[in-house]
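For reference, the structure is listed below as structure tokens.
Just so it is clear, A, B, C, D, E and F label the chains in written order, and each chain counts residues from 1 on its own.
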Amino acid sequence: MKLITAIIKSFKLDEVREALSALGVQGMTVTEVKGYGRQKGHTEIYRGAEYAVSFLPKLKIEVAVKSEMLGAVIDAITSKAKTGQIGDGKIFVTPLEQVVRIRTGETDGDAL
Amino acid sequence: MKLITAIIKSFKLDEVREALSALGVQGMTVTEVKGYGRQKGHTEIYRGAEYAVSFLPKLKIEVAVKSEMLGAVIDAITSKAKTGQIGDGKIFVTPLEQVVRIRTGETDGDAL
Amino acid sequence: MKLITAIIKSFKLDEVREALSALGVQGMTVTEVKGYGRQKGHTEIYRGAEYAVSFLPKLKIEVAVKSEMLGAVIDAITSKAKTGQIGDGKIFVTPLEQVVRIRTGETDGDAL
Amino acid sequence: MRTESLKKAGLAVLANLGTLALTAGAAYAEAVAAAPPTPDKGDTAWMLVSTILVLLMILPGLALFYGGLVRSKNMLSVLTQSLVITCIVMVVWALWGYSMAFTDGGTLNAYVGGFSKALLKGVDTATIVETFSRGVVIPEIVFVAFQMTFAAITTALVIGGFAERMKFSAICVFSVLWPTLVYFPIAHMVWWWPGPEFASTNPADATVAGAGMIWGFGALDFAGGTVVHINAGIAALVGAILCGKRIGYKTEAMAPHSLTLTMVGASLLWVGWFGFNAGSNLEANGYAGLAMLNTFLCTAAAGIAWPAFEWLLKGKPSLLGAASGVVAGLVAITPAAGFAGPMGAIVLGLVVSPACLFFVSVVKSMFKYDDSLDVFGVHCIGGIIGAIATGILVDPALGGAGIVDYTAGGAAVYPGLVPQVIAQAKAVLTTICWSGIGSLIVFGLIKLTIGLRVKEEVEREGLDIAEHGERAYNM
Amino acid sequence: MRTESLKKAGLAVLANLGTLALTAGAAYAEAVAAAPPTPDKGDTAWMLVSTILVLLMILPGLALFYGGLVRSKNMLSVLTQSLVITCIVMVVWALWGYSMAFTDGGTLNAYVGGFSKALLKGVDTATIVETFSRGVVIPEIVFVAFQMTFAAITTALVIGGFAERMKFSAICVFSVLWPTLVYFPIAHMVWWWPGPEFASTNPADATVAGAGMIWGFGALDFAGGTVVHINAGIAALVGAILCGKRIGYKTEAMAPHSLTLTMVGASLLWVGWFGFNAGSNLEANGYAGLAMLNTFLCTAAAGIAWPAFEWLLKGKPSLLGAASGVVAGLVAITPAAGFAGPMGAIVLGLVVSPACLFFVSVVKSMFKYDDSLDVFGVHCIGGIIGAIATGILVDPALGGAGIVDYTAGGAAVYPGLVPQVIAQAKAVLTTICWSGIGSLIVFGLIKLTIGLRVKEEVEREGLDIAEHGERAYNM
Amino acid sequence: MRTESLKKAGLAVLANLGTLALTAGAAYAEAVAAAPPTPDKGDTAWMLVSTILVLLMILPGLALFYGGLVRSKNMLSVLTQSLVITCIVMVVWALWGYSMAFTDGGTLNAYVGGFSKALLKGVDTATIVETFSRGVVIPEIVFVAFQMTFAAITTALVIGGFAERMKFSAICVFSVLWPTLVYFPIAHMVWWWPGPEFASTNPADATVAGAGMIWGFGALDFAGGTVVHINAGIAALVGAILCGKRIGYKTEAMAPHSLTLTMVGASLLWVGWFGFNAGSNLEANGYAGLAMLNTFLCTAAAGIAWPAFEWLLKGKPSLLGAASGVVAGLVAITPAAGFAGPMGAIVLGLVVSPACLFFVSVVKSMFKYDDSLDVFGVHCIGGIIGAIATGILVDPALGGAGIVDYTAGGAAVYPGLVPQVIAQAKAVLTTICWSGIGSLIVFGLIKLTIGLRVKEEVEREGLDIAEHGERAYNM
């Protein structure tokens, strides 16, 4: 199994979620994060003081999937979250050794 | 070592934390997240407009443990976070290669 | 590739970010989290009621790097985030199998 | 009889003098008919403003003070309850409340008014009511609006006792039944009397005979210590007990979701309270000034004393402590506002804060009831302290303003500590009993019929989403 | 002619009587010159307070009511727009607005005033203006300030229609052009008349001849149902349509970022609205009391009715519903405030809420315009219902206050349902046309020159950072 | 002597005329005794309202304006400080402050009053004070309350200079010492004078001899430009310097945690400021209207000018800019409120904003002091500009109201630009010196004894948790 972590632009969440649902992904977890990257931030000025804000609001999506789903999920996220402009985000894939559904105690594939 | 990531219902945090402390787990990191899954969300209506809110507030707990603790920790979380109702959450286990305690520079087992 | 996850004190973010930039790290993702650990929390009293607050605000930094950068990055974080006092935080390293840049579809090393 | 001469925060409606003429004699009634007094526009302006200020106390004042103290998942429920209760009580007031409080109740007059002014019959832009000064009147329609806001805030205060767990439908029913059974009668008992013209021209007994029961005790209540605060405090306690404790009470953290908003609420309560206290003078004169100054000073002293005691006892002075002290001070000075002297007001403030602090931290834990937002501990206890203290601080020897003796041409008198404090105590006890029993009936009835409490899942998820379909914040 | 006797929320400036003396005859002018009336300080105090209350309605009232409803990324844009519009309109008012609204416009007098008081020429601490009672006056400078706040709030109301997408530069230009082309003329048409002294001593025709056009219809508008609410509602609709829908409208969730703030805003609107409605009486008397009581009761009824209908139709009574009901009730009672009776006000409140609810949920979806914060659905529709209802509820037979007939010594008359409702309808239609066309010209002009709308990236990122360089919250 | 005739925002207490009768002659004293004037209820109503409005300025106005600007970890500390300072200063005012400011100080009378009214001795519902019009009085007890709010807000203003780092215990001590050493004397120097009755019936020299020193310069200060704003601004600067810079100043981002709250605070400051400025007229008449209109127009102009200059210079007009402009405008018009004409007020607003903007962005960076919330840059600089401008704009030739010459039957005069501006400059300099030295003594004393500053860990963690044991938000 794999844990897919995607950093995307906030307003793309609904599209991505729908695409994943369509693929049969039944769950995901979303976190509000701040991203630093090639996309430049902006300057905020409060009275005299100027602050360079280099962190931009992004969403992090975590989806645990069976390994065979990996490619399809990556494709779905890539196509839906893309605007073509700097700051669209990244997808990270890490190995997932074990999954448990707390409610039932089911594990691994059954727990997804 | 393993990194255990559990998604749980918010009001279960204190019970889970106590159970883990009892096992000798000395630290954990908690994040507010929004979960999408089998548990249905709700509808919000603002004046005329209806929004289906499919993401529900959950907590994500991350605990780094020595591999031998894995089973005990999973059992503790499962038993404490369970209400038996849809939406209780999931536990994900990923391999953890290295740990450093910033304060002392200690690594791995010593750093937990 | 490796995914480095560091829990640090909030006011250390800017120093850490600069040190990483200096190393050539081009991106990172930051999340506000609550940490439980050896560092004691505090007590809050609201009218009569006392609450022991055991979770303290921390920042979680996630940086995906090529494996060869690992040591340098860990050193940079450790040196910059250190105050020498309890609660300085931890660094976790997990294996990273795949990276995709959403905008371009580039993968792995090119995507970082 | 010493009671006839008390200056009280109620007044006779001239239109009622027909009824009262039984005792008053025809001569006076004719005199009034011959040359009815005209409202002074300065008084009218002041009463218009005071009315607006009391609305500000509720919306957004009380709503924020309470709302900030609950968890964010229940924020909207508190706000919605405050807003809708205010609306319901206002409509009820116009339909039958004003009449039940401020008309002659015939054989039941000692306890409650009648229905002669139901639907505000006979109230128009030309009718007037007396103030506490002989010959000084204000438009009745302004008085209707002013008193309406009192009924609304008292009812809204109660919900703090059982916040975060009562059904909205139960709240709606409560806001019709409770004012009717409890508030309107108590307001009548404390504030209904034949008025200064009658009192100045008739024997004291006749005035007492035409007044509400608590007025007849000779008890002083300038702006509603009994009617509003003790009353709401008891009702909140009864409601809290019948409703039961919140899930997680004493085991889960229930920290206020926004002390910022609580502080804003406390501030607006203070600002608006001048309408309440100085407005209760019904006239823009030096007595309104005295009520205002006392409302500043008692509140300021209490706002210092609460955090000072926290500092001593728990090591840290808190904002919630200062805000609670402010509210406790406002509550305590309410019955005494136009009676105490400024130095007496300061002393009262220094006393009320530690007393309330003791109640909300020690007594509440001992008896283990869950009065969510400490309505009992602050409003009832503060109200009782204020009511009793009024009987002492009014003493001119302590800098107090004394009690107007209408039969002696408006001279300021003081009947002595013991009789006055006994009168105050009788008023307090009567209010506690009436409100306690009445609230028990109201909440009991609701519990047995539609039920008081939300389901467990609703309470866990928060009332906002489950009962109102909204969230307070989407940041 | 029935129109001469209408009590209207405008007034003649004595200084203008020279002009009017053409019809008035020299006798009256001399009498006034001989013994000019002095302002009563109670009236002056009340008008000072009313003016302050209307400012409170805008800042922070309206700003928060609107601000809470947008997404947090656009919060500052709404606040900045509200604040800067208020500032700009005030300066414009002093420079030429007051003169355009409240002086004789010569040959154009039916539509707009002149420039004789531009830069407030001739207005000082000694000049006075008449109220609606013969012989009662207030300082002109206070009237200038009071009316200034009306111009500001009306302009600020409009921005709710196109919130979250209009350029700040466009907003600035709008806030100079729109009042000049639309608001000042309509205010003149509705509120400019020769005043009670003239009306009482001259034939009705002469009074109509000296008045603004809508005043001449005999239409009643106590505090600005047409001038403020219908006017702003139409302008908002025009602006919304010309600006186009928000990106993501109907596809993305656009939940209000803080209903807490919206509730605070609605509360402060209510509190401040007494300055608006009861202040429009220009005097602190029983009529101000009536306007106040009606403003309480209609609002309370509407605040109950909206969530009640939601409860019935969608299963849950919401805070936003209650707050929307409160605003709808305030809007509806505005033209009727000093005319309806209290029971009439309650009925009006019960009617206006479901009507507006229907508009914002059904009609808006049908026609697919994006009136972001429902200015059209609440202010225009509520304003129309209130304007028409005023013609009915003023009937003394329904408990209304009747219409002052100055030529008959100030008696209260009622011309009958049909003619009065027709007069009201004419006022409504005239306002809709003038405001519709005027707003089209203003927004059209801006669109063709500097443009109305921000770039797509700006809209996505939020106007706060892109246009103002700040974020509302840094928690 | 030109100074005797200045209309000043202070007044004589009739009860003091005994003392003053040394110069006044027995004839007048007798005349007053024979027929003491009675307060007009319209004036009393207005002063009650004005007093309430100034409280609104502090709580929650100033508390939110300041609180929104700090980081969320220090929010409660700002709120607690504002609230507790207000409480402390009010109690101190009643105990000795009023007496030090508004009684005759005997040999020290040029600088400070005496203790004859300590504990408000002799102040009751019947005592009165004169306004600025001969024969017009208000209840003394209302004046005590009104002036009390001025003392409180001035002291609270100061904390903006060293927000986010001063110990709460130091703040408490400061709020007792500073008013006593600095505020009460300056208030006496500026506002204490023998009153209009005395001034009208005595030679000018006698009036000056009985007045405070700055009053004697002939300086104009309608509502407290020197006493409140310059004074607080200097004290804040001294406090900021003695306290030292915040950790991370200029290196870490310290963005305001909620500009929404700052905007609400600025709005409430504006709303409440009418109590401050128009209330300082002490009467509800055309002059109060003028003060109100000027307070609208100068503020509006300044609220436009600040963001306009930002737009020009930095590319973006910000909300904080508009809010800062509003406050700068309010500060600048304070001394000029009843003196300038409306067009003069607009010009003043257009000037003050760029000047303050220059100070807070350029000068502050140059001198590298950490005046956290720009109390010096806005209040002191704005106050100085306003004070000097008052001397110019009062000129009737510029539309100003002129200066009342009591010895000439109340005629409006103007001594000429040079002498009047010199008088203003002397007032400014005296205030700067007294406040600078006094504040240095107060803060120095605290620094040497209990210390001014929190520990480094406390500052890092935030004052809320460390000093008050609470967090502002638990979302």
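As a convention for this text, contacts are C-beta pairs under 8 Å (C-beta built on N, C-alpha and C of every residue); 3 or more make two chains touch, one makes a residue touch a chain.
What you see is a predicted model, and the numbers here were worked out from it, not measured in a lab.
Novice: Looking at where chain B touches chain C, is over half of the residue numbers used by both copies, so same, or under half, so different?
Specialist: Different-residue interface.
Novice: Any idea what the CA-fit rotation angle from chain A to chain C is, to the nearest 5 degrees?
Specialist: 120
Novice: Using mean CA coordinates as chain centres, what's the gap between chain B and chain E in Å?
Specialist: Chain centroid spacing, chain B to chain E, equals 54 Å.
Novice: Please work out the Cα centroid separation of chain B and chain C, and write it as a whole number of Å.
Specialist: Averaging C-alpha atoms per chain gives centres 18 Å apart.
Novice: For chain D and chain E, let me know how many angstrom lie between their CA-based centres, rounded off.
Specialist: A distance of 35 Å separates the two centres.
Novice: Please set out, as single numbers or ranges, the residues of chain B touching at least two other chains.
Specialist: Only 31, 44-46, 94-95 qualify.
Novice: I need the residues of chain F touching at least two other chains; which ones are they?
Specialist: Correct list: 40-43, 45-46, 49, 253, 255-256, 314, 316, 318, 320, 469-471, 473, 475.
Novice: Using the contact rule from the top, write out all pairs of chains that touch.
Specialist: All touching pairs, sorted by chain label, are A-B, A-C, A-E, A-F, B-C, B-D, B-E, C-D, C-F, D-E, D-F, E-F.
Novice: Quick check on the complex: what are the chain D residues that touch chain E?
Specialist: Touching chain E: residues 39-46, 48-49, 51-52, 55-56, 59-60, 63-64, 67, 75-76, 79-80, 83-84, 86-88, 90-91, 94, 119-120, 123-127, 139, 141-142, 144-145, 148, 168, 261, 467-475 of chain D.
Novice: Within their complex, state which residues of chain D touch chain C.
Specialist: Result: residues 250, 253-256, 310, 314, 316, 318, 320-321, 324, 360-362, 364-365, 374 of chain D touch chain C.
Novice: Quick one: in the complex, what on chain A touches chain B?
Specialist: Those residues of chain A that touch chain B are 3, 17, 26-31, 64, 94-103, 105, 111.
Novice: Where on chain F does chain C make contact in their complex?
Specialist: It is residues 248, 251-253, 460, 465, 469-471 of chain F that touch chain C.
Novice: Quick one: in the complex, what on chain F touches chain E?
Specialist: That would be residues 40-43, 45-46, 49, 53, 71-72, 255-260, 263-264, 266-268, 270-271, 274, 278, 283-290, 292-293, 296-297, 299-301, 303-304, 307, 314-320, 322-323, 326, 342-343, 346, 401, 473, 475 of chain F.
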